[in-house]
């Protein structure tokens, strides 16, 4: 029957360990277990996986080509949409790259707002991960609880930027707009309530014997393997490697926050789960500090070549009007050169490699997608496990296919 | 008594009105979506099913994994050239009557990604009943579209779709 | 023809015996005619069932429980037979596809 | 093209398990006892049961709606001045700023007997393809006269593609009164970004349902 | 940038510099494996990414070749990163594969092949990864059109904002 | 036994009426069990569940039924058509058959049953074991690998847990000394000053726990819902079923759920005996609470993996059940001589 | 009433039995046999053998036949090839059937049954009476059957066991050669 549902099974003719033949099973690309539109070609020996070959590209959107067709400031809306679970972090990588090329520094208030948005995004990304992974392993209430808190975060996104998911909040030169008092109040309440919610998730999963037996020892990735395979983010930290770009190569003032890098020596799905739980707690901690230290001041660089003038100047100054027109018709141009900036997203190293040829459009923008690299480790992790474990393994790898395929 | 006689005796208007209303009511209030999440909108589609707005109130929480048991395909997200044939296959696998909601700018027109890789509008390969603009649309938007679709289904009754 | 009074009707043991015989014969025919080892096993089960029927009938006719007890034993034996027979077949099927029971007479795998 | 390069090599070079390597055994010694397991299961049940007795958080959508943020980027509106003249001067900045290209502006000259807008030119055609729009708000930022604004309305679904091409007549519909009032208020001239730098933009806080928001 | 390690001892470096704070070196395309091997021996064990830049009609400077291959490597102990560039030309452009030095390069090289048409010699499975197998052309080359469609409006018009004028 | 086959016409009339009534009652109860599940699951997740179709969403199931009835009836290509159509029928048939022997207390000392036979519980096991055919045959005949894998898995699961399920009840039978459900429900003790009915869960708590787990597995409910583990196997053996045939499977699942709940109420909670509450309500309350327990479990726990499920059945539940039998036997012999 | 029940069950049984032999697909044969068993179980109930009736369904229909079903589902629908049937075999079978039928008919003519032992039909065949029989008079054979079952179980497990006595790394290597993933892991892996 259906190719899509599933699944075509062919016999390879080779003998398996259980006396039967190896079967090549094709999961996806539209299959509930694959966390998006991922297709997997799996060689099975009985129920054991002998080889996994991910086939990607079913969500290839041409994002990098689209960036070349758009002007520098227009590109922000496209960066939102590749790793669609963490738009502000994508914005941040792009904004930092453009700012490095332009040689500008954003004001302190903008930096703190950027950190706040990054951490909120990390929380919402982990919440989506936990909800969907929980659902995939059958814990359906987790989805509801996690998305409930995610909705709160999205409400805050809407409050500060006007849109729920694709905020385009962090832009080269600063942020879209200052935080409203209501946003700060919502954030305050959120920081107060979130640890209790995390406790609730832990009540449901952390010590649950079913959850533990489905994740402990599953999808093991030794520290060496993780490093060799280029894994980053919770995949790497779940293997016990203490590596976090926020600590290693601090950006946006992360060096001034007091937080721990969550690692786990379990090296398996459970370890990655623990890392994410810990990261959520740390994110709340960072949010608390950021909110306390939020300085006053402007939220954008004072550079009329890069950002439009304030609206009230338009009525008075002819120069401002000219800048305004120029910026919105042809945009600003960035000095020639190339730069790579990496930030830590919920999935790992989310990098942005920008090449400018001095015009008002980028020559090349390459997004270094954490999911793309992490997904390559799937083969290593899934080997010799059972088919049913593949769900847990893909789930905890947390590959966002939009990020993989771009 | 054959079916023709039956229709004769109770009058064709009964079939098209009373029965039609009942069937339309049933179909309209029990729209089971197939999971066809593709990108950003898929996350908002999941959010629609969660406690925030709860699509279950409309009787549509049964997101069946198998297209055989679904009535509605919510194309949520960008449809790449590589995905398009698969989407069509899934659509073909759904039994009649079936409907399609094209959720979000990308599914409806390609949105910001006006380029080589994306299908510029899913209505090129499957007939779309309701379009939702937005990138991604709010969960309420999806419910609104579902309600528009429900009205359509109820009006359609037992008749085959046009 | 004395005692079988089932709800006052004149159904007697011969009816059951004839049914049992017919089932047994059909089963035996199956064993002879069919070539698929699995189906042959199934036919053997059919024959065993027919035998069980006669056991139960006589038990009722004679109002002696031993017939039922023996039927239970024979069911156990049938279950054991089926399990071992199937295990052997599965083992053979792993090596090759068997469509004809005569293929198994060759002493090679 | 790549075929000739790929012959004679192992098909997949990423590190696989070494030959003979099996699934690693589950780590020993970390297994909690049966009592702990039962306690964990009971804890989970207790959590869900306690949720059962708490009120639902759902917004009963068509009947009740949550309030939109002031910055919400929803349906577009073209504004008019109080005297009825259109604000739009046909400068096409919105169309130029739009990353999607979903705005079409064709300008025409104002004449004294046929005056549409205060400036020299006005938009003869102003169309937005709503289905392609991604609601990024760039048009609003770009407009020098605040003619185009993104309102708080979001229920825009419809049944055919043609209905999504919003013409000027449709876009010129009056804004929802509260938004219009806010835009006219001297303190907040613009629904988008407030003037840079100020923390205390004193906007009245709409009462939020605490239980839901937090 | 620390000019440490054998990379510089072996005189593989053609050119070096710093761009917006990032250290980079240029090597001959034939030496790419040797250069990356020596960097790896030196502790740069993580290949952050590998990609290609198409410098077709780029007036900002004189480029040695049309395709610039960029390898970003990182030392996770000292947190140093370094970017290795190699310029190649030709149709198809060719360079040696490094998938066995850095396993993550496997998919990266496939992606670069898919989108730029750069052929990596000795790559075990150089097939399209993102585009359908029967796709013609390499979309991220600058001479490949962005594609897409004219945005629908109620009347005909010729303005098409997102179409790039110079591809 | 003989009363079933006496030739009094009146008896048969009563039985036919009773069967019809029971069919209707069970069908309605099933529909509202589905409603209960959707609403209760919703409440566990802090959302209201269906509430827009009819008052409190009570008409939701009617809408679903109408819709599914008028859905295109689909038979996959190359499917074994006869078996494909037969399988859902087996499922519903075997599910309904179990209700032949389940007594319901209507009022004080007035019980209702179709067949009050001596081996009531065993008959329930017998017919529920036929459910395996519905699943395997459904999976096999769909000509889809998912369906078949789901079917085989599910059948193995059912067979494995049937053992534990059966053995978990043996202590109950030993204590009561009868397999007749009415006797078990009305089991009374004379302990000193106390004379009266006693829920057997007090006497065999372990038996109840094993029964509960095994029953959840037998009815293919979460967290043991592997046969239709959607995230792994699409819809298991149900993948290719649509329209009315799907309804039949769906119905069978919920009837089975009610059956095991009713059985648990009868076997472990004293059936219709509850303080001063009228029997029919007492019985209903017990069944509904047990159904809620099912939904609660589903809303809380992740799903087990297939091999863990088997291990739990064979290595934990079965030995425990046997030990329970032995211990009960020893205690009975010790106390009663 | 009893005659009606008997006739219905008998017709079901015979039809099922014919189905067992006549159907080409093994799975249909199995299901036909299940029909036979259910029909027979009804007859058992008619014959006051309640316990045997339940055991017939639980053990035979519910377990043994499911085993057959499993094997068939696992190994796919292997059809019989018509050519493998011997030509005179069915002919011989016909003769055999005829002879047997005649034999039984003649045997049943004027048969006299032994005088019954006058058991109490109220408790005849109940679980209790069967249990008394099994655990007193026939305890020895009962235990023997359990040993038989144990032996059968061990035998089945032995036959279908996982072949574990393979050289280390055997299956993985075997797989690699099959799917082309052969060879040593790349040098970079030896970290």
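Residue numbering begins at 1 within each chain, and the chains themselves are lettered A, B, C, D, E, F and G in the order written.
We take it that a contact is a pair of C-beta atoms (placed from the backbone, for glycine too) under 8 Å apart; a residue touches a chain by one contact, two chains touch by 3 or more.
For clarity, every value in this text was computed on a predicted model and none was experimentally measured.
Separation of chain B from chain F in touch steps, taking the shortest path, is 1. Taking each chain's centre as the mean of its C-alpha atoms, the one that lies farthest from the centre of chain E is C. Each chain gets one centre point, the mean of its Cα atoms, and the points for chain A and chain E are 23 Å apart.
Averaged C-alpha coordinates put the centre of chain E at 67 Å from the centre of chain G. For this pair, chain A with chain G, the centres built from the Cα atoms lie 57 Å apart. In this assembly, the C-alpha centroid of chain A lies 65 Å from the C-alpha centroid of chain C.
Touching of two or more other chains is recorded for residues 10-17, 21, 41, 44, 47-48, 51, 56-58, 60, 96, 99-101, 129, 132, 134-136, 161 of chain D. Touching of two or more other chains is recorded for residues 6-8 of chain C. In chain F, 2, 5, 7, 42, 44-48, 230-231, 234, 239-240, 299-301 are the positions where the chain touches two or more neighbouring chains simultaneously.
Those residues of chain D that touch chain E in the complex are listed here as 1-2, 5-6, 9-15, 95-96, 98-102, 104, 106, 125, 127, 129, 132, 161-162, 165, 167. Residues of chain D touching chain B in their complex: 56-62, 65, 99-101, 129-136, 154-161, 164. On chain F, the positions that touch chain G within their shared complex are 1-2, 5, 7, 80, 82-83, 86, 117-119, 122-123, 125-127, 129-130, 132-133, 136-137, 139-140, 148, 151-152, 155-156, 159, 162, 179. Chain E meets chain B in the complex at residues 131-132, 135, 139, 144-149, 151-152, 162.
On the chain F side of its complex with chain A, the touching residues are 41, 44-47, 76-78, 142-146, 222-223, 225, 229-232, 234, 239-240, 298-308.
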